[in-house]
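Each in structure tokens, the structures are laid out below.
Below, chain A partners chain B and then partners chain C, in two separate complexes.
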Partner chain A sequence: MRARLTTLSMVGPALVLFVVMLVVPVCLSVYLSLTDWNGYSANPVVVGLRNYLDLTKSEEAIRAGWVTLVIAAVGTVLLSVLGLGFALLVNGASRLNALFRVILFYPHVLSALVVGFLWSAVLGTSGVVNGWLTTRGAEVLPFLSNPHWALASLIGVLVWAGFGVNVVLYLAGLQTVSKDLLESARIDGASARQTFRNVTLPALAPVVTVNLVLSLVTLLKTYDLVVSLTGGGPAGSTQTAAYLILWDSFHNNALGFGSAQSVVLMIVTAGLALTVARLRSRADQGVKG
Partner chain B sequence: MSRSVRRKLGVLTSVVILVGAAGCGGGGFDDEGSAGAATGEVRMLVNITPNLTKGYWEGLVKPFEDANPGADVKIEAPTGSGVKDSLPQLLAAGNAPDVVETLMADKVLAPQLLELTDQAWTKDTPLAQQAALDGKVYTVGVGQQAQSLVFYNKDAFTKAGISSPPKDLDELTAAMGKLKAAGYLPLQTAGDYVTGLQLLQLSDPSIATKHPDWYQQVGSKQLGVGQSMLPLLQRYESWIKSGYVDKNALGLDDVNAQTNFLTGKSAMYIMGSWFVRTAESQNPTFDLGVFAAPTEAGQPYPGPQGVTMAAPYMVLKSTKQRDLSVKLVQFLVTDQAAVQSQLAQDGNFRKGFTDKLTPLGKQVQDILDQAPKGVAQGEGYGANTLPSGFNGEWNKAVQSLYTGKSAKDVATRIDSWMGSKS
Partner chain C sequence: MSAIRMPRVATVQFKPLRTKGAGRIAFLIVTSVLMLVPMYLLVVSAFKSQQDILAHPFSLSPDQLTTQYLEKAWTNPDFNILKGYAVTALFVVSVNVLSVALAGPVSYVIARRSERRYRMLLLLFVAGTFIPSQVLVIPVVYTLKFLGLMGTIPGFVLFETTLTLPFSIFLYAGYIMTIPASLDEAAAVDGAGKHRTFWSIVFPLMKPAVVTMVILNTFSVWNDFVNPQIILGPGSGLYTVTTGVYAAVSQYSTDYTVVFPTLLLAVAPLLVVFVLLQRHVISGLTAGATKG
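Up next is the complex of A and B:
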């Protein structure tokens, strides 16, 4: 009995925190998604699955879902590839490499809102780039005014702001690659490319998985950069799922509908993250084995 | 871990969930509040902007605190991106403020608000009766904002050979052609909220003249928003095609758009009266003027002017300081010095407060005085309202004119959205 109480007393605080900070909000979100709550009414009416049905009919929500998936898919690939590439470039003990690492990580230190405003000053119609172009008689490039360009700009800035973390993770992974294996490969006459492909990359498999999952989950929640860079525009073309959740909840006083979108986003995020982790499990086990 | 311990943990988890859910879900919605004392703290939620800083608000209420010893007005900034986002969170947390500035009462918000109909002083405040819901006053304001204004570069007009501001939309289109030929971008617009707002501001006089009870007709589905706006949308579409507005304007924010206009790159900028203060602070190098938005050909000019309540205040029903809160709001919207200060600080207008107006401000006041009537705009207020979220949806729809959609597409989209909200 005493041992049980000890166990409870040790697990209890963490459990309470976990439940209050995570389980309760999720449960509330699920409950609110089944109501017509507008954010102000005292007694939200339970409407069953109506919000979910509305979600399947909402062209705007479906478009935001696709935009989010495109951002997540393209962004995850770019973050992983660039992260690994730059990690290989600065994977040395020199002071110059240390400086480059700081520079590469620096964008991640900035607030996403600041990054968005900064890049809108660079890419906007009156921004630095277009100002430079127009003074040379060239046409303005529609970085933020054309839907396709705006989406590409958004992904580009997301990658710029985020890939420092991937570089750090890959750098940590590169330290764990067996020096003996690398030396053996060199003695066996393997080229740099062969060594990377057959020794380094397989050894990095668990780090690749972590990078993919973290990038994917982060990008599926993209919100603040949308607010500060494109405002969801032009014409709503860069609205992400998270942006639309906030928009519907607070601008349209539809917190029930917003909660339904949150629940779907949560399920999709968890599903995709688990799928990626599962697909990568064979590569990970190869390293452990 | 043994089975019984796991079971106990399960029970504990359930209890915590239920307790947490009860705590989070409770909120303060049904709290009827109380009259309170003549002293104590009154919490006022306000929007903080470059013009209306926290220091400004604190200075504004200082005379009230001095006149009511023991009263302490606590200025609170939004916890979210604005008052609209923050208020539901504060209500849900059971931590609602006593007074809220910025929002207009609508049918969603009204049940949380204290009715001010019986307060005699509200009758003399701008737009209080027009903003009333079913005859009940919940919101009172300091002044009014004129919406349907076209600020223009007089020098550009002279250079383009335009002798007087256009009175109807055909004349406006013709003037745009001349301005473009003279080397100016005729009409400055931007992305963000500006695109849709400008078209609403421009539409106010002609729509209100053609359909005096537009909101009621739209509400009863005798008229579609898109259907009634189609001629203006088609005109706007033609302006984009003719290069009268920048085809890349959606890549600009409002500040950049204003800078372009105030540095003489563009000739006209449609905006509300709050732009007066911004414009004057930038000291443009050209002669800046303003005229009332043109009407459709054949309609009288000037037409009705879009007006909105400036600095609206409301008292929450849940307040424990009802009397002091009402007294504070009365001070803010009736005290001469407080009103004058707020009008000047945010570029707003009110009859009887014209002494300190600048020349440009006087032009706006003249436009307000000459307008046959003031009308609601967009989501509107009082009896004249559209569903919540209309302004945002309208903005996105209008912006799609720049991304390849036709005026008819936009009209259909907005009517479809309105249909989904019925």
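Up next is the complex of A and C:
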């Protein structure tokens, strides 16, 4: 009995907080998504799946969904490739490598909000780059004012600010590669490429999975940078799902509709993350088998 | 997926590593310059007039430089930056302490017990990683209102702590499994209780994982924008560094004599700490991640 109480006292506080602040709110989202609540009326009216039906017809929500998926897909590939590539380049123990690691990582220390304001001051129509171009008689470049450029700029800034984290994760993974195996591969006369493919990469497999899942989950909730870099524009072309959800819920007072989008985003996030993890674990077994 | 992509990485990135050391260094220097240019612009523009920022963004001639805009940002009536630092630092410390105090013991139980329900418990916590906090905050507003904690510091700290739990518990539980259980059994023989055993025997040994989490949580709490903006709101009069920057900058986003000095003041403390402790930060992140 005492042992039980002790266990309970160790598990209880964290579990209670987790349930109150995460499990209950998620359930609340699901419930609200089935109502027409506007955020302040006394009694939300249950409307069934109407919000979800509206969602399939809302051009704005569908576009935000695609924008989010493009950011997540392109961003995840770039973050993983750059992360692994640069981790291999700065893996040595020299002082210069330590310096490079710091330089690649430092944007992560800045908040996404600040990064967005900073880059919008650099890339905006009247920003630093365009101001410099104008004084030299050149054409202004539409980094943030053309829908396609704006999305590309957004992804570029996300990658600039984020790939240092992937570098650090891959560096951690590289430390787990067996020194003995690398040594024997060298003695057996394996080329750098053969060693990489047959020794380093298989050992990195779990880190690759962690990188892909973390990048994907992080990018799917892109919000702060949209607020400060593009404000969702031009003409809504960089509105992400999270941006639209918060907008609909608090500015449009469409809490039911916003919640329906939230539920879809949560399901898509969990679904994609689990799919990637499963595909990766199957690939790992393929390598071993 | 990886089978298609990874070998390409190998051919592009791995060759120069071995064949051309100078090429690798040159490539890294070019990349470093690209990484640092925005920071350089941020720092020098904080000391320049609007006209000079646009006409000569990169120049650094002493007669252009002035501290007047920085002083103006420091005394901005819309955003008391010193108070912003203090409030944000208070949040960082509270969340870190509370996070370790809550996640530590539960991770210990999960790591040391083999029953099915503890594995389910771990899965429940880890599933929290997939819930986007930007979206979660909407229903949390109503939960906090119900509890009477909306717009309060405890409400914000509790929610922010909750967001740290999934990854902390995942990392700590994984780390504790690498610590031999014989150590705590020896402590149990000596009559130490579970709490005592955890805090005095196991906890000191999981320092690398705790350091990793403290670093990550410090960044995420200091830099968080949407949660303090919504939970604390403009009505509470409590500004963190990010919500203060938003209040000070968003209306004047093309007046760069406001934008750059404010942004510089906002990033300076954490950036200085990072530069001073950089080796510990990067190795701290790697150390925790390797075992966990």
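Everything below uses one rule, namely that the second predicted complex is superposed on the first by the 272 of 289 C-alpha atoms of A that agree within 3 Å, B and C clash if a C-alpha of one lies under 4 Å from a C-alpha of the other, contacts with A are read in each partner's own complex, and residues count from 1 in each chain.
We take it that a residue touches a chain if its C-beta (ideal position, glycine included) is under 8 Å from a C-beta of that chain, and two chains touch if they have at least 3 such contacts.
Just so we're clear, the structure is a prediction, and the values are computed from it rather than from any experiment.
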item	value
Partners on chain A (chain B, chain C) - clash or fit	clash
Which of chain B and chain C A:Ser145 touches, first, second, both or neither	first
Partner chain(s) touched by A:Ile62 [first = chain B, second = chain C, both, neither]	neither
Which of chain B and chain C A:Val90 touches, first, second, both or neither	second
First, second, both or neither for A:Arg4, with chain B first and chain C second	first
First, second, both or neither for A:Ser41, with chain B first and chain C second	first
Chain B or chain C, by number of chain A residues touched	C
First (chain B), second (chain C), both or neither touched by A:Arg280	second
Partner chain in contact with A:Leu53 - chain B first, chain C second, else both or neither	neither
Touching partner for A:Leu255 - first (chain B), second (chain C), both, neither	both
Partner chain in contact with A:Pro234 - chain B first, chain C second, else both or neither	first
Offending stretch of chain C which, after superposing on A, collides with chain B (from 27-35, 153-161, 207-215 or 225-233)	225-233
Doubly contacted chain A residues - partners chain C and chain B	7, 11, 15, 20, 24-25, 28, 120, 124, 126, 227, 246, 250, 255
Partner chain C, residues of chain A touching it in the complex	3, 6-7, 9-11, 13-15, 17-18, 20-22, 24-26, 28-29, 32, 77, 80-81, 84-86, 88-90, 96, 98, 100-114, 117-122, 124, 126, 128-129, 131-132, 134-135, 160, 168-169, 171-173, 175-176, 192-193, 196-197, 201, 205, 208, 217, 220-221, 223-224, 227-228, 242, 245-246, 249-250, 255, 258-259, 262, 265-266, 269-270, 273, 276, 279-280, 283
Sites on chain B touched by chain A in the complex	1-2, 4-5, 8-9, 12-13, 16-17, 20-21, 24-25, 27, 29-30, 80-81, 84-85, 87-88, 91-92, 108-109, 111-112, 191-192, 246-253, 256, 259-260, 388-389, 392, 396-397, 399-400, 402-403, 405
In the complex, chain A residues that touch chain B	4, 7-8, 11-12, 15-16, 19-20, 23-25, 27-28, 31, 38-42, 120, 123-127, 130, 140, 142-147, 150, 227, 231-237, 246-248, 250-255
Complex interface listing, chain C residues touching chain A	1-3, 5-7, 9-15, 17-18, 24-25, 27-28, 31-32, 35-36, 38-39, 41-42, 45, 53-55, 57-58, 101-103, 105-106, 108-109, 113, 121, 124-125, 127-136, 138-140, 142-143, 147, 158-159, 161-162, 165, 169, 193-195, 198, 219, 222-226, 230, 241-242, 245-246, 249-250, 253-254, 256, 259-260, 263, 266-267, 270-271, 274-275, 278-279, 281-282, 285-287, 289-290
